[in-house]
Amino acid sequence: MTTVAVVGGSGYIGGELLRLLLGHPEVELAAVTSTRLAGRRIDTTHPNLRGHTDLKFVEPDALDKYDAVFLAVAHRTAMRMVPGMVARAGCLVDLSADFRLRDSGVYQRYYDTEHEAPQLLDGFTPGWPERYREQLREADRISVPGCTAMAGMLALYPLAAEGLVEPDVTVDARTGSSGSGAAAGNVNLHAERSGAMRVFAPLRHRHEAEIAQATGLRVRMSATGVEAVRGVQVYCRATAKDNADESTVRQAYRRHYGDEPFVRVVAYRSGGYRYPEPKILSGSNYCDVGFAAEPGQVVAIAALDNLVKGGAGNAVQCLNIRRGWPETTGLGFPGLHPV
Amino acid sequence: MTTVAVVGGSGYIGGELLRLLLGHPEVELAAVTSTRLAGRRIDTTHPNLRGHTDLKFVEPDALDKYDAVFLAVAHRTAMRMVPGMVARAGCLVDLSADFRLRDSGVYQRYYDTEHEAPQLLDGFTPGWPERYREQLREADRISVPGCTAMAGMLALYPLAAEGLVEPDVTVDARTGSSGSGAAAGNVNLHAERSGAMRVFAPLRHRHEAEIAQATGLRVRMSATGVEAVRGVQVYCRATAKDNADESTVRQAYRRHYGDEPFVRVVAYRSGGYRYPEPKILSGSNYCDVGFAAEPGQVVAIAALDNLVKGGAGNAVQCLNIRRGWPETTGLGFPGLHPV
Amino acid sequence: MTTVAVVGGSGYIGGELLRLLLGHPEVELAAVTSTRLAGRRIDTTHPNLRGHTDLKFVEPDALDKYDAVFLAVAHRTAMRMVPGMVARAGCLVDLSADFRLRDSGVYQRYYDTEHEAPQLLDGFTPGWPERYREQLREADRISVPGCTAMAGMLALYPLAAEGLVEPDVTVDARTGSSGSGAAAGNVNLHAERSGAMRVFAPLRHRHEAEIAQATGLRVRMSATGVEAVRGVQVYCRATAKDNADESTVRQAYRRHYGDEPFVRVVAYRSGGYRYPEPKILSGSNYCDVGFAAEPGQVVAIAALDNLVKGGAGNAVQCLNIRRGWPETTGLGFPGLHPV
Amino acid sequence: MTTVAVVGGSGYIGGELLRLLLGHPEVELAAVTSTRLAGRRIDTTHPNLRGHTDLKFVEPDALDKYDAVFLAVAHRTAMRMVPGMVARAGCLVDLSADFRLRDSGVYQRYYDTEHEAPQLLDGFTPGWPERYREQLREADRISVPGCTAMAGMLALYPLAAEGLVEPDVTVDARTGSSGSGAAAGNVNLHAERSGAMRVFAPLRHRHEAEIAQATGLRVRMSATGVEAVRGVQVYCRATAKDNADESTVRQAYRRHYGDEPFVRVVAYRSGGYRYPEPKILSGSNYCDVGFAAEPGQVVAIAALDNLVKGGAGNAVQCLNIRRGWPETTGLGFPGLHPV
């Protein structure tokens, strides 16, 4: 068995890692840290794991060495922990924002803080299986994209790579409340957040930097919180180049994603669920990608579960690739309908 | 104009008082206190009031004298403030739990704290217009019932008063999240509270003491949080006495509530909304009351908006009675459908 | 009293008209039609009106003459009924799509059907108080804008009128389920629609024609259904002209809306509800409008209740203007918080 | 591989069977019927199965013979199909109400229709693994309990079996909208059903007959629809016999369920999710059971996913037992948190 540890196991991404790793047939979950909850059973925080584990949270400095370590802590905390973690981890998978942007200046501009470990940036491979699969087979440090970034990258990359659109694009993200994390705050109280359509980033959402880096496009990104716990949807608009009509666009998506285990092309002429919808993806590792075109315009739509393909599931998919296991191992849950 | 002040205007009940009093044609809202937010505009906390007022919160000790003062603070805080407020208020309307129970021993048993002003208990008239209308015309101190208590009292009182049921009854309350108040807590985070069916009081919900006092019945009460922001529904079961069938029960409700401006009897044989449902009552001062019977059993169902007929609206109705205004003044909003 | 009739009173817009007209102090609601439900009480369909009326639906041909008639029927039906209604209505207020577009060719392109009464198009005044207030004082035929169109027009008009943006804009609408109407359909079942983020118009939403006509801009519009019953939000992106920064934009909005009774400018630097959110507008006639700017871009955001300022409330506001009553008569409900 | 067919695969229970059977390692899903949708791909109706199957619906009379046949059709339809299906099914698993009640007179009383195949009633074994595990190993005809019945039976059986409570009990069920099925109806429209607390069975819910039969208790049962798509919770009240206090009750539940793979005892003194909550069970086969006691009273609470442990998952668990496979095969999904 491959031994793994999760650092920062009390949050929502951390909890999702625990769910997936406890159900993974090749993995032994050896340790889970939480500074705040050390000594408590992990199923008191993640009640869906009752009956699946007797593990307790430990302090981070109680960690040993493991075949893989997942880092599920806040940005800034991650870049402080990574240097010390490298020696304990055969493969280190970071889920924070700290090692996603190759340029520390861009990081500083979007995160309002100086990067404290810029010398380590080059060592990370993007946790983006659809594009970096080969590199991930050998990677010892992996940086998993942000949730809305992953959706935006999967939606836009085929259009950019095939030269079907002009470089200026807009990305409009709609997100559920779990993206705000497990820490309490007045604006996330149920009575305030329920039924919301809350534009929390009218301009310059942080993930636009990641999508721009990944696609070479110039991205303007907004984000709105809507009523959902899990789920991200991005709606992207681009100006079509001359050659791009609906048929060209469909071919591009099929070429890129036809063999992908976790990306489905969803763009139907009729029926329910014609375009990607996150609610039927809750708990699954799918990113559904769809599109529409009219003369001069292409729109791309993607949906995923922010805690799975937008975080923990994507991280496990990367580990599967790294260890040479079938890529869907431990990630077979297809999502529910209705739900 | 009648001058009024609201003490504790930053919470959800407080905010609802402000909405109703700002729209009340006979009232001038003269002062609103909040220790924590003194100096800030009240519409920063209650954004639905933008454009309706320029008032700012003040410290409680900045209060003057007013024709009426509404006390919308937590229990325990209320019993400490009431002695000092009596002199400033022509009429004092307390919305806390502190002056609802006539017996300080019962208070201590249900609230786990000694009553600090038991000598004042006798001076309060229950803020229950349907039963104490005459007394309210002269009352200078009014104690408004709890939200689920109000629903339970209106559901059960006609059955008790007419001797239609045996004294042992059960009350099962379902409540929205606004009943937990505006203070943040992890269990009230949207991601945790959304879609919940959370039995937070499997037995001995505090309001059973109020309903028992009001009806003379022996009450066993539970409460479950369900997905809603506003709204309370109670489902009450009683053993029918020999004379009670559906027709007898219907007559009892009609006799008690046929002329009431804010209680509607809702028990239809078919169609939508056959029994009381809180969602069409949001913002309205109605309590809808329904019932069903089979041999040996009577069930009573009531629904209301916990912040209106279960709190602020009921308080304003009491003030209307006290001042001799038409009872519906400022309380005309009928509720929405669909919503 | 001014007598009014509502034609098509069984739908959601119709029901909202009934709520507002029954609460309107200057109006007598004289007749409500429904072909399907003729003979039944209107409160069986609209349970929030229990206790407010004993009216029953009548057949359309039972109508007499009224000071005002509101037409709340589907598009296509409206253009067939209008010619016959003109004689019965001192003032005819149509809430359908049929008389909104001045150009019958544009109508045909967006609604896939030929216009059957193009000769009447010129006779209608747009039911857009903020821009056509003077004309509405004399108007005998009024065509109320579509719900997302109203939001888009109020969001974009100041930018267009002041020349602050380039003519190509995008509008992204998010809508609740009541916009689909009261007719059952599988995709609108609760189990399917709950928690949805459903792109139902990836391109060319019909209301783009109205917004283009109203603002002179070239509009590309999409729409996504999100979890809510009531509520519309539009997020609009435009390329800023040289002179447009945040301060210029703020001034433009203030100039246009500073004196408007039902448009509030909502764009705060911090706190909750910084930008327009429909949930606190349910039942109210407000349209909240906000904005943000970065170099080269302006975004405008608007929110409203699709059944009120996006339909029935706006229609009543037009009637108030037409009859010379204070514009807020019968429209005083401010919305709820929390909700 | 064991071949299976699903009769009635277009509904919500049917779809859930398809999800579970497609993911089951020992089973080959050979045929799925739908009279209405014959010829269409099953993933057009169940979009969560995109990428998991290319199967199409077939007519019922296209069926061959299979090791197991699951019948997921409406009651009344089931009792007409069962006689013809017996020959085609090595093991027939019926998910309708038609073969749950041993007494055809009770069936007629609760379902308002005469039983058409009373001679077959004796041949069915209840699909209740926790009680009939031994019989299920040999059963060729299995009748799966109703969703709220399963919850009520698991909640109450230990109390009844150990003689801890008096025979008169009440069961109050709260249910999500998927229990109403996939057929459209006005009351199930999102705009009507959203945020509901709808008492649809104030008395005599049909499942009381099943719970009574299973436990020997006299059951009075009500049901209320609340906001959720999946999920059932039952809250049961009983009068304690002399020997029953909280400790006795806890021991009874532990004795009955301590070794059960899909029943967890959930009754904690503090923390979140202290009592059973359906939302963390969506998609899982767990039934969580909790309890509380005060002098003279015991309450039992149970929660499950109505489509899984309340239907399809329970049916698969029965098949696992019948075929001698590990009981959790294909049922490993633990549920999500948050969700």
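Note that the chains are named A, B, C and D in the order they appear, and that numbering of residues resets to 1 at the start of each chain.
Note that a residue touches a chain if its C-beta (ideal position, glycine included) is under 8 Å from a C-beta of that chain, and two chains touch if they have at least 3 such contacts.
Given the structure is predicted, the values throughout are model-derived calculations rather than measurements.
Among the chains here, which has the CA centroid at the largest distance from chain D's centroid?
Max centre-to-centre separation from chain D belongs to C.
Which listed pair, A-B, B-C or A-C, shares over half of the residue-numbered contact pairs seen at B-D?
It is A-C that reproduces the contact pattern of B-D.
Taking each chain's centre as its mean C-alpha position, how far apart are chain C and chain D in Å?
Roughly 45 Å separates the two chain centres.
Please compute the C-alpha centroid of chain A, do the same for chain C, then give the distance between them in whole Å.
Here chain A and chain C have centroids separated by 38 Å.
Measuring centre to centre with CA averages, how many angstrom lie between chain A and chain D?
35
Could you tell me which residues belong to chain D and also touch two or more other chains?
As it turns out, chain D has residues touching two or more other chains at 12, 178, 182, 186, 191-192, 194-195, 229, 272, 338-339.
Can you name the residues of chain C that touch chain A in the complex?
170, 172, 174, 186-187, 191-192, 194-199, 202-204, 220, 222, 224, 226-228, 231, 233, 235, 237, 272, 275-279, 290-294, 297, 299, 301, 303, 338-339
Mind pulling up the chain D residues that touch chain C in the complex?
Against chain C, chain D makes touches at 12, 176-178, 180, 182, 184-186, 188-195, 229.
Within the complex, which stretch of chain A touches chain D?
Residue positions touching the partner: 12, 15, 19, 22-23, 44, 46-52, 178, 182, 229-230, 264, 266, 271-273, 280, 282-284, 286, 332-339.
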